[in-house]
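Which chain is which? They are A, B, C and D, in the order written, and residues in each are numbered from 1.
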Amino acid sequence: MNSRPRARDLGIKIGTLEPGNWNAITDVPGVRVGHTTLIQGDGKLNPGTGPIRTGVTAIWTHAGDMFLEKVTGVVHRINGFGEVTNAEQIREMGFIEGPIMITNTLNVPRVADAVIDWHFARNESQGAETWGVSPIVAETSDMWLNDIRGRHVNREHVFAAIDSAASGAVPEGAVGGGTGMMCYEFKGGVGTASRKLPEKFGGYTVGVLVQSNFGMRQQLMIDGVPVGRELQDYKDLRGLGDLEGLKKEDSGSIIVIVATDAPCSARQLERLAARTHNGLARTGSYTGNTSGDFTIAFSTTRRKNHFNDTLTVTVEQIVETGDLINYLFWAVVEATEEAILNSLFKSDTMIGRDDRVVPGLPIAETVEIMNRYGHSNVHLP
Amino acid sequence: MNSRPRARDLGIKIGTLEPGNWNAITDVPGVRVGHTTLIQGDGKLNPGTGPIRTGVTAIWTHAGDMFLEKVTGVVHRINGFGEVTNAEQIREMGFIEGPIMITNTLNVPRVADAVIDWHFARNESQGAETWGVSPIVAETSDMWLNDIRGRHVNREHVFAAIDSAASGAVPEGAVGGGTGMMCYEFKGGVGTASRKLPEKFGGYTVGVLVQSNFGMRQQLMIDGVPVGRELQDYKDLRGLGDLEGLKKEDSGSIIVIVATDAPCSARQLERLAARTHNGLARTGSYTGNTSGDFTIAFSTTRRKNHFNDTLTVTVEQIVETGDLINYLFWAVVEATEEAILNSLFKSDTMIGRDDRVVPGLPIAETVEIMNRYGHSNVHLP
Amino acid sequence: MNSRPRARDLGIKIGTLEPGNWNAITDVPGVRVGHTTLIQGDGKLNPGTGPIRTGVTAIWTHAGDMFLEKVTGVVHRINGFGEVTNAEQIREMGFIEGPIMITNTLNVPRVADAVIDWHFARNESQGAETWGVSPIVAETSDMWLNDIRGRHVNREHVFAAIDSAASGAVPEGAVGGGTGMMCYEFKGGVGTASRKLPEKFGGYTVGVLVQSNFGMRQQLMIDGVPVGRELQDYKDLRGLGDLEGLKKEDSGSIIVIVATDAPCSARQLERLAARTHNGLARTGSYTGNTSGDFTIAFSTTRRKNHFNDTLTVTVEQIVETGDLINYLFWAVVEATEEAILNSLFKSDTMIGRDDRVVPGLPIAETVEIMNRYGHSNVHLP
Amino acid sequence: MNSRPRARDLGIKIGTLEPGNWNAITDVPGVRVGHTTLIQGDGKLNPGTGPIRTGVTAIWTHAGDMFLEKVTGVVHRINGFGEVTNAEQIREMGFIEGPIMITNTLNVPRVADAVIDWHFARNESQGAETWGVSPIVAETSDMWLNDIRGRHVNREHVFAAIDSAASGAVPEGAVGGGTGMMCYEFKGGVGTASRKLPEKFGGYTVGVLVQSNFGMRQQLMIDGVPVGRELQDYKDLRGLGDLEGLKKEDSGSIIVIVATDAPCSARQLERLAARTHNGLARTGSYTGNTSGDFTIAFSTTRRKNHFNDTLTVTVEQIVETGDLINYLFWAVVEATEEAILNSLFKSDTMIGRDDRVVPGLPIAETVEIMNRYGHSNVHLP
């Protein structure tokens, strides 16, 4: 874990609900996260060779056999210029049957193929006696910093991400699939956060993990403060070069993963997933033209057995007439906003292909701006 | 009930599953159907006055308080050139909270307004202390035979349809909302059918009711036989005039209502509803450009209380890994096909506005054609 | 027009694009807005009689015959607990063929019926020789302040709203359909704003009009400032009573109308409409459970003739590879946010049924809070 | 090309419109089809090794640079238990930017990765200066006959399918992606057909290609005749073994590709694509639970340049008020039905893994049944 602070270390508290123990998607029991981070080479782009600034992230939906015991899940589209493999199957059947992977755009097929291998190693009947897994791989593009043509994430990297997945604190910033990503023209990548509902509302947990890779600097808002506008002319602080090359267009994407232990149906999860749009918008995004903004949401406690001989099952389901679902909505909005901010705060300046520099969000300047905009409780860690 | 035969009276058996007791949507316990039929005046169209060939049909989703105890339901679009009021609310929340009404296109608002009145008479808190009902009204256009500008279905007609609804055999043909409709350039209207699953698959019932108003004659197939093509030159048999005026375009619409007592979630009902497209296509439809083809499906045994103080509920749900759901699909396809055929067989020749004649499907000729095409078991009743 | 200031009168400038001449949806050439406002009676609710705090708003999509010359349009769902009549037809065919009406929830059928009358008075062939209009009516619920059971908007009110529609400055606040609405637990209703693209990007105009009726006070953000949180304990300033009765739940809805003269296809308009979610979220909304949040978007310069004998037409269409579409997106986000703020700023305290008081957003306090949060350019008008 | 007859060679004429020159998707100018067919090994399944009965099919959307000049396209879901990669991007943006590939389920990632390579070899700026291609790969499962775990389609196979694509007559049956597929419990695979509109309606061509892999034998209808029911007890004719092992469940999938030179928008293409459901249903399908039934439709004459500096373009678009669109619908329905039949007629008996035998549809028996059911014009070739 790098030493940069998270939003909450600076006194930035998004919303009113309390985070879980780790303030991470792993606060949802059973959910685990693993990263493989690939950083190699410098200088001019040599397509197919490097420099490499990429990786892959794996999210376990529960601690058991994800294929034999599928979780209820959905894929929600905010803007569709991107890919989540097998989204249609998830929509039709309402389940997710393996780890959720996030990587870069062009590596999607190789990661999907490796996920099949990973499953095959655990299950001999797949593809022989029963259907083979439908891998779930989402992506954003790291082509600004990375040799994306090289598709450098291979089978071993995928296995390592899945097999190293752990509960507890989640490494954030330039790690895993987020390694080469940028957000609001600062360095972005992986961020996570969580919210725990009051016991009165079941004490359920909502966890969010994002791979952020979108936005123009001028749009960035932190808890409502126009930090991006104030940092419009901010140059890199470490003398690594100016920002001449920094792209200035509203493009890029975000992948949002929402996990909860509230027993939600697919329809209800779709409603939760739609609220990530609110959290995203609260950080300033206008949802640019070429963004692939998708949310994958799942409930760890609504499961379906791959094999089931009965005609019906009895399932628990949240009621939508009281306040519970609004609390879940708020938890989604707050955790999404905070996860995006964490992806920014935890990402350090990175130099990538063609010596392009993407600065990390400057902490001291941000704190100063927040103070200036009436957020006096924000402070250096 | 008119004396024309239903498909099954002629030995036409669609598919392999057995129908329920009435071979009607009312075979699903609790479902009731009521019609108000309006036939008045003859001769030249006097817009706003007549002739009148229209009506309204009401379907109770269960025998209790439909607002306080909502059924799980969905609205599926086959082709969207039409209206089902409050379809979006049904999709978002997954419930239907009142009777399902079917009428003509321009009468939709008046019927919806009357449905609100009907609910208000039963529930003082609606619109005062809790939300008012969202009426469900679907439609097809009877403007070929009826003075549709007149919007002749009024409050009393709506109340009568709802209050007279009954279980048991369902009047079919030119009744209720189907009064002025036409199908494959023959007289159409209301038709219904049902299927009962084997006890091994839970013994569940699927009932379908249609308001048919679509298709070109040449497209009509009955159990695969090109009856429409063979009857292309068929003229009216009762000397009421030739068919010069009969429209010759692929337009018109169908409303399909699917009821089941299988405990299906909204997502599962959506899957059932999608199979009505198969049943529709098997009668020959190409789904014309200006058709408003919608399916409303609901489960009588998946209910939601309007008021509910608990955080979660336990619900029964069908399992999708075995054959049960395929049996439900087959039941939907077969019952839809047969319901459409019944709407044709049960509809007699009608003379409407401007002395337009729409012939009833000729029974003897149809039997003869079926025999000629190898369906030797088809016979006059 | 009432004397309360609009957001921009206070120095609140949302985003970076310039508004049009009126900073209203009417800046899009041909678009006109009309309101009928009904305020009558006081005191205890007498269901069906009053007090009355309601109305209806009409938006002309262009200045000609809206039926014979339809505009390209879409309906986008943010949260579906509400109704937009004939949304499915708009989606299937991509056109809007009459004025867009906004009223309260239970009055939707009566308004739709009146719109049919309005069209019939102008077109004798509708419902006789060609199809009858599919009226577009959207709604939010004013049951907190109004006798919504009474459905007090009648035919004459609808005609008056349509026939009085005008270009130029648009009355905002407690007018038309917005009369009895509330927003973030302050008085809400109608608001509008617009943006004009730089000439370099075609000089196109995007206009937005909202009927706001959603949100909890604590959620309200104005240009990022947590004004709602700061005004959490704000009581009515005019001594009209305390706020004991004020609802404290995340419910209510918003209707957003987006007009543009950019020649957009239905698919492109759907993309514009999706960005109103961003604008909505920027004012603080978490999109509550029972909200009916819909956006209707149309292009005044992409039209379809009701009658057209040719096989193909040539149409102009915006290109999505350059920055134009991002500018349109930004215009939508900014104008939506500002229109919602205008609906708040322009709405004065209202006393409705059962002497319920909904305070208008207090101007001086808001200015003070904005200043305290670093927005020093905000000032009293 | 194998020697088995196509439907039309037997006198089976589906519908009333005339086919194009080749009665194939290649009748649409510019469309080309290529196959790589892999058949190797016999006997017991050795997972990862064989026997191999699989392949890949490539469809060129036009004869030029498919990335720089994208065609307008859509992906339509009939039943979602399957995958079409990048479907969401196609829906959001309305374009297809490369060849459309069809293969088996588990080979999707490898084919997608190879498609990226194929593009990279032609375009150095992809992934370096502009976005990399989003490959379109669809699939059905050949696990009944093929060692699907082996994922035997490699890079060279993909290149060969794309590079060998040709206009003119299209090889059908057990070729390309269809090699190991089965349909209605007979051997299925690739089939194609086309329809040409009358000159009065623009003379446009609609071409369809399917990869069929669905259905239970008892469901099969040929031009309305219940051939499957009559062949229920049909055993293999060549003494290769009985059908003990033949699966008897309603599973499997179909991919339908629709090409047209009619200038349709994405919304209009979606409407065309929806009509393939009608064609599919007319062959008897009930759309089983685990089917992945998708339609990809595109217009060769509605194109978008990858680079475009203008703000707007002028495009031709079909008019939906006349009969043209109905003719296009009919063409889609007829060509889909006939393409599925061709996939059956052209597929010979195949022995696959574990000596499983899937019989080819018996020609003589089928002709006899057709004759018996009144289709006296059907004859041996």
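Methods note: contacts are C-beta pairs under 8 Å (C-beta built on N, C-alpha and C of every residue); 3 or more make two chains touch, one makes a residue touch a chain.
All values reported here derive from a predicted model rather than from experimental measurement.
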Distance-maximising chain from subunit A - centres being C-alpha averages: B
Centre distance in Å when subunit B and subunit C are each reduced to the mean of their C-alpha atoms: 36
Mean-CA-position distance for subunit D and subunit C (Å): 46
Centre distance in Å when subunit B and subunit D are each reduced to the mean of their C-alpha atoms: 34
Contacts with 2+ other chains: residues of subunit A: 79, 92-93, 271, 320
Category of the chain touch graph - line, ring, star, complete, other: complete
Partner subunit B, residues of subunit A touching it in the complex: 92-94, 201-202, 263, 265-267, 271, 304-322, 324
In the complex, subunit B residues that touch subunit C: 45, 47, 77, 79-89, 91-93, 105-106, 108-113, 116, 120, 124, 126-128, 131-132, 134-135, 141, 143, 148-149, 151, 290, 292, 294
Residue numbers on subunit A that touch subunit C, as the complex places them: 16, 78-79, 218, 221, 224-226, 249-250, 271, 274-275, 277-282, 285-289, 320, 323, 325-326, 329-330, 333, 372-375
